[in-house]
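By letter and in written order, the chains are A, B, C, D, E and F; residue numbering begins at 1 in each of them.
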Amino acid sequence: MIELSSSTWPDIRDVLSAGPTVAVLPFGALEQHGPHLPLDTDTRQSEAIARDIAAALDAVLLPSIEYGNTWGNAAFPGTVSLSLDTVAAICSDIAASLDSSGFALLVVVNGDYGNRLPLQVSVEKRAASGARMPVLVLDYPGLTEIGDRVKESPWAAPGLCHADELETSMMLAISPATVHPERFVVEYPELPPDFGQRPQALAGLGETGVFGDPRAATAAKGRQILAHVVAESLTAIERTMRAIGIR
Amino acid sequence: MIELSSSTWPDIRDVLSAGPTVAVLPFGALEQHGPHLPLDTDTRQSEAIARDIAAALDAVLLPSIEYGNTWGNAAFPGTVSLSLDTVAAICSDIAASLDSSGFALLVVVNGDYGNRLPLQVSVEKRAASGARMPVLVLDYPGLTEIGDRVKESPWAAPGLCHADELETSMMLAISPATVHPERFVVEYPELPPDFGQRPQALAGLGETGVFGDPRAATAAKGRQILAHVVAESLTAIERTMRAIGIR
Amino acid sequence: MIELSSSTWPDIRDVLSAGPTVAVLPFGALEQHGPHLPLDTDTRQSEAIARDIAAALDAVLLPSIEYGNTWGNAAFPGTVSLSLDTVAAICSDIAASLDSSGFALLVVVNGDYGNRLPLQVSVEKRAASGARMPVLVLDYPGLTEIGDRVKESPWAAPGLCHADELETSMMLAISPATVHPERFVVEYPELPPDFGQRPQALAGLGETGVFGDPRAATAAKGRQILAHVVAESLTAIERTMRAIGIR
Amino acid sequence: MIELSSSTWPDIRDVLSAGPTVAVLPFGALEQHGPHLPLDTDTRQSEAIARDIAAALDAVLLPSIEYGNTWGNAAFPGTVSLSLDTVAAICSDIAASLDSSGFALLVVVNGDYGNRLPLQVSVEKRAASGARMPVLVLDYPGLTEIGDRVKESPWAAPGLCHADELETSMMLAISPATVHPERFVVEYPELPPDFGQRPQALAGLGETGVFGDPRAATAAKGRQILAHVVAESLTAIERTMRAIGIR
Amino acid sequence: MIELSSSTWPDIRDVLSAGPTVAVLPFGALEQHGPHLPLDTDTRQSEAIARDIAAALDAVLLPSIEYGNTWGNAAFPGTVSLSLDTVAAICSDIAASLDSSGFALLVVVNGDYGNRLPLQVSVEKRAASGARMPVLVLDYPGLTEIGDRVKESPWAAPGLCHADELETSMMLAISPATVHPERFVVEYPELPPDFGQRPQALAGLGETGVFGDPRAATAAKGRQILAHVVAESLTAIERTMRAIGIR
Amino acid sequence: MIELSSSTWPDIRDVLSAGPTVAVLPFGALEQHGPHLPLDTDTRQSEAIARDIAAALDAVLLPSIEYGNTWGNAAFPGTVSLSLDTVAAICSDIAASLDSSGFALLVVVNGDYGNRLPLQVSVEKRAASGARMPVLVLDYPGLTEIGDRVKESPWAAPGLCHADELETSMMLAISPATVHPERFVVEYPELPPDFGQRPQALAGLGETGVFGDPRAATAAKGRQILAHVVAESLTAIERTMRAIGIR
């Protein structure tokens, strides 16, 4: 793995000239994660997963984007949100830069629900315009599956993972010092009957920003979750690498 | 100082309700800095300065933007550039978010020459539209002055500071492990007669990306430079804090 | 059901003043559907489903949009495509118009895969800006489920429904005169290993534009499919109607 | 005439390969037309005229756009308006699609006053950018002339044709079931002294949305009007066909 | 008449506080006008007419815009063109500025064919958005009529007025020193059969940029033309002034 | 010097074919300059300087843009402001036009502080996109230096030059009839502590719009100032002409 941030330009020139090169971009966010998890939870998680992916592929790890499209949590102080269009523009600009430098593939490891739409917009516009370098956006593949397997507390909603046992477990594995067990609260906000059917601010639904029960979280579970998501991500990436003939 | 990334939303709620709060945003870049400095040199420098500023002011330190408007170095592999409009949009979105959360002032510590224009665009548009929260952009105030004082090697051009003795000194102070003294090269590219008069790619001017002589760089000089820029920044910020009545 | 196109403005004034009113918009496309199905297949299907929905809800049926975001089939003559941004703008303008007229809810019955992303963009931007009237986009809920039940031929890919037994069945039910059984061809294009993982033109994958086997299609199957999608759509709509307090 | 909507892609491939092909696009609107005419009056009229044009030229008839730029009638319930920019974008996208498919000419039969400006914008931008395929926008050529000839009631303003004897006659010819003679009202709103000199909402001028007297309308007059507009349209189209060397 | 350019701000404050104030903006262009007329012909003409209008109304004369949307003549050296969008933006910004200053009406005296469309776009968008201050765009009302009366040479096309007897006469009246009679050439370019039906570059049609015969031009005719256009303009303006209740 | 406005297209064709041609564009503004100077002060000054530059270089003088980005003075009646984006668009369109006509260099003589940012944006975007013809923006080089030399009254702020002794002197030299000595007022508004550090409306700072003391102004000083700025401008232009190989 090469970390782009601490490399020099001749380092990257050498990597690119040695063969088809994959870049991995963690795309995080800065939004409320309850009273017990830090605001950059999404960034740390996507960075940890991206790092493992880059290590497995001997790929180039890009520095993280630490802000995302998080209007739905804007009412919680400390949430700092980019607009949908800005998130899309960041992805498009980075992809265009890597494309012209000769990278073979950009993998975006997306850590925030609100970034899904703008990242897809960016990627589809590139495809429709016939851009050379493909971009693959991954939204934690396999997370729900492994969640079903390791979770002891119920989901606040199927697949909804926000400041709950899953996220807390991952953070205990990645960055235990930022987790505050003494502030664990359990909240299962009453969700509107059409939750998940159309975009909706999370902010109005609960009091604490927690959607579930963090109490059963453990670092071991976190490591299990991360390993599964990394493995599923690698499977997906390898499919695309084969599709474009670099694996 | 409160680091936003590792805080929780109730932490920030408490800070904001305690009185007028200043936020400090390091805006970096990812561009070539010769064979001996890392691609994220601008980010690390602006982050170090922003951190000292935030500490002095007991302000909220925001996570860094690690990409900037660096088209002029795009020809060097590893440079990853955002467009002028994207840099402006990032600043505008973050400012709007902090404004609606009730922050009193945003200070942007800009670490890259190419970000100056888009950051000013963002800030002027906010002012012209009558936005409440002011934004102050700082481009390393006092850097040329302290450079004149500590530099032993000549400038490649007056005030031009790129992978030279100054930047290398700062990096030796901030992050010595990322500096490669064994790759030090000296280059004084021949500059066009109107250098600095109009925008121009740096990439075509030299071979190595170095503009000067890094050999005389020391960590001690770096600390001296950083301290001076921090002090000048604080003076500037205090002027604005007085102007808006929070100091 | 009130058909907006053939109503007069006093008719609509009366409907709106009688209580919360739902509008239903079929969003189609004009793209290749093999040698045996017409170019407006997506429009006819979404219109048929939207009509049944409007009838069941006593809602206002809007005229169809007969063009969609179909760049992926642009290489087939007769495909006429709108851009992603134009599809989003159409949805946003119509929603804004209905919102200011006092409608309670807009349901978009989307008939084309390529419209999913722009319709979601439109809807999320409305939500993020705090618009009053909600918009619910439906992408044929339950289609894969009923497909699994009625299909005799294999899927070209899981859930991929293009000019195959399912679409041909629906068209036999809706508009048999436009179906050309004498031109039925069977094609199972070899799909790239990462099919479905990232946006990709369908046009390059096969010869005929058919993805499956239309030969087992029947009008009876078509009616069964349509009824299931309508029923699932109504369930979804009722969830949103309850969420906004109009059911 | 080939109707694009009910054709298949091989049909269109064959048409295009047989020689220079003209496409005809009806551009309608969804706006109030008094208590006696349906909201889609403009769409039905432009579609009828476009169909006759396409038949006469053996051209390809495109599906109608059933929404237009009708902000001036937005205050009447049931009017659903697109913005000026969206109408222009629709025309530009369709033209670009047909251009890349190899069509020789696009004729837009515009049925709504509010679409004139955006359609011209779209067409001029194409011309200024040097696009290959020309686009000809027709705004019912000859309508005022034939109106002067057949009308028995006075104009509400010279050339102003909205829910009056002319439009009612055309609708009696095209779609009698949608006309409600029992709701005929006569209204000659007092017009501001500078009516027609600058853009102005129709909505504030009258009570009923009628601008004239529909009582003398007959289907026979409608057929006469339509035939005249079609003939004048064909004359105009032939001029352009000769100009570009396909007639 | 008050000339805004040479006034001071207290002068304008006094004018505005004395009662409803009309502003008059000449919108010109910089484009080829044959070998005998200067490139700023359109600007000088619109300025002369605007000045007479402002004098008659005791209105405020704004400084001229000396560039217009003249892509159709871009192939002639010396033509300098703004885009359609830029012309519209200039008009919108100036109108917004005057609106917020309290002017009662802006009259735009448009001197270039290519500006018609963007000026109408600007004005319609203002109307659709409900802006307070109306804008009236005048495209030399009565010009064709007076041309028919005074012209001795034939029109190159009905109403087409470019570097011909009419424009040359006006320039002899306004600015005789800029007219070069020794370079008079007569050219009646063969026009395509659909000339005037759709946007088309003038540049490709002739050799000299003249569309007609300047030889019969006289200053007396020019004065007659200008007086007629001014009179017709005043009639139009008075209609709008009555419509908005300031006359 | 060739004045573009009064030239004909064959004149410009001949100039361009004779060798590398420089164009000079005065970019002014229409904003308050106290009770004693006209609203178009910036335009007249930039035009006078541009004219002398063009004469010295035998260059082509373009007609002035008489409006600028002056939101900061919008509260003073008579100020008419373009937006930042419109100023940038004007510069970009003119540059593109001259570029495609074959000019070798565009020099913009900027007369208004508010235009600096948008002109730089325009110029940088051209550079980043690899446009052929360079654009050099000059903001009165040497003005502060000569001001320090000739001024008898103190500066309102270092380098701040608005309706003061310097501007009044220049206007006495350029256009004495527009200067009203009988209305001279002296005002040294109290400036906020961070004046000049971030964009701020001038309008709120003083009463009269004067920033200094116009009483010591003389035409002789004005001529001295103008001559110095012209000389410094020529030095800068010659640097760029050498850089691009045309001097």
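Just so we're on the same page, a contact is a pair of C-beta atoms (placed from the backbone, for glycine too) under 8 Å apart; a residue touches a chain by one contact, two chains touch by 3 or more.
It should be emphasised that the depicted structure is a prediction, and the values quoted were computed from it without experimental measurement.
Traced through touching neighbours, the fewest hops from chain B to chain D number 3.
Common neighbours of chain A and chain E, by the contact definition above: there are none.
In this structure, the chain pairs C-D and B-F differ in their number of contacting C-beta pairs, and the larger number is found at C-D. Superposing chain A on chain C by their CA atoms means rotating through 180 degrees, a value rounded to the nearest 5. In this assembly, A is the chain whose CA centroid lies farthest from the centroid of chain E.
Set against the C-alpha centre of chain B, every other chain centre is closer than that of D. Between chain A and chain D the centroid-to-centroid distance comes to 50 Å (mean Cα coordinates, whole Å).
Centre-to-centre separation between chain E and chain F, using Cα means, comes to 27 Å. Residue positions 83 of chain D each touch two or more of the other chains.
Chain order round the ring, anchored at chain A and oriented towards chain B, is A, B, F, E, D, C. Residue ranges on chain A touching chain B, taken from their complex, read 4-13, 16, 30, 32-40, 43, 62-67, 74, 76-83, 85-86, 89-90, 93-94, 97-98, 100-102, 178, 180, 183, 209.
Contacts from chain C toward chain A in the complex involve residues 71-72, 83-84, 117, 120-121, 123-125, 127-128, 134-137, 192-194, 197-201, 236, 239-240, 242-243.
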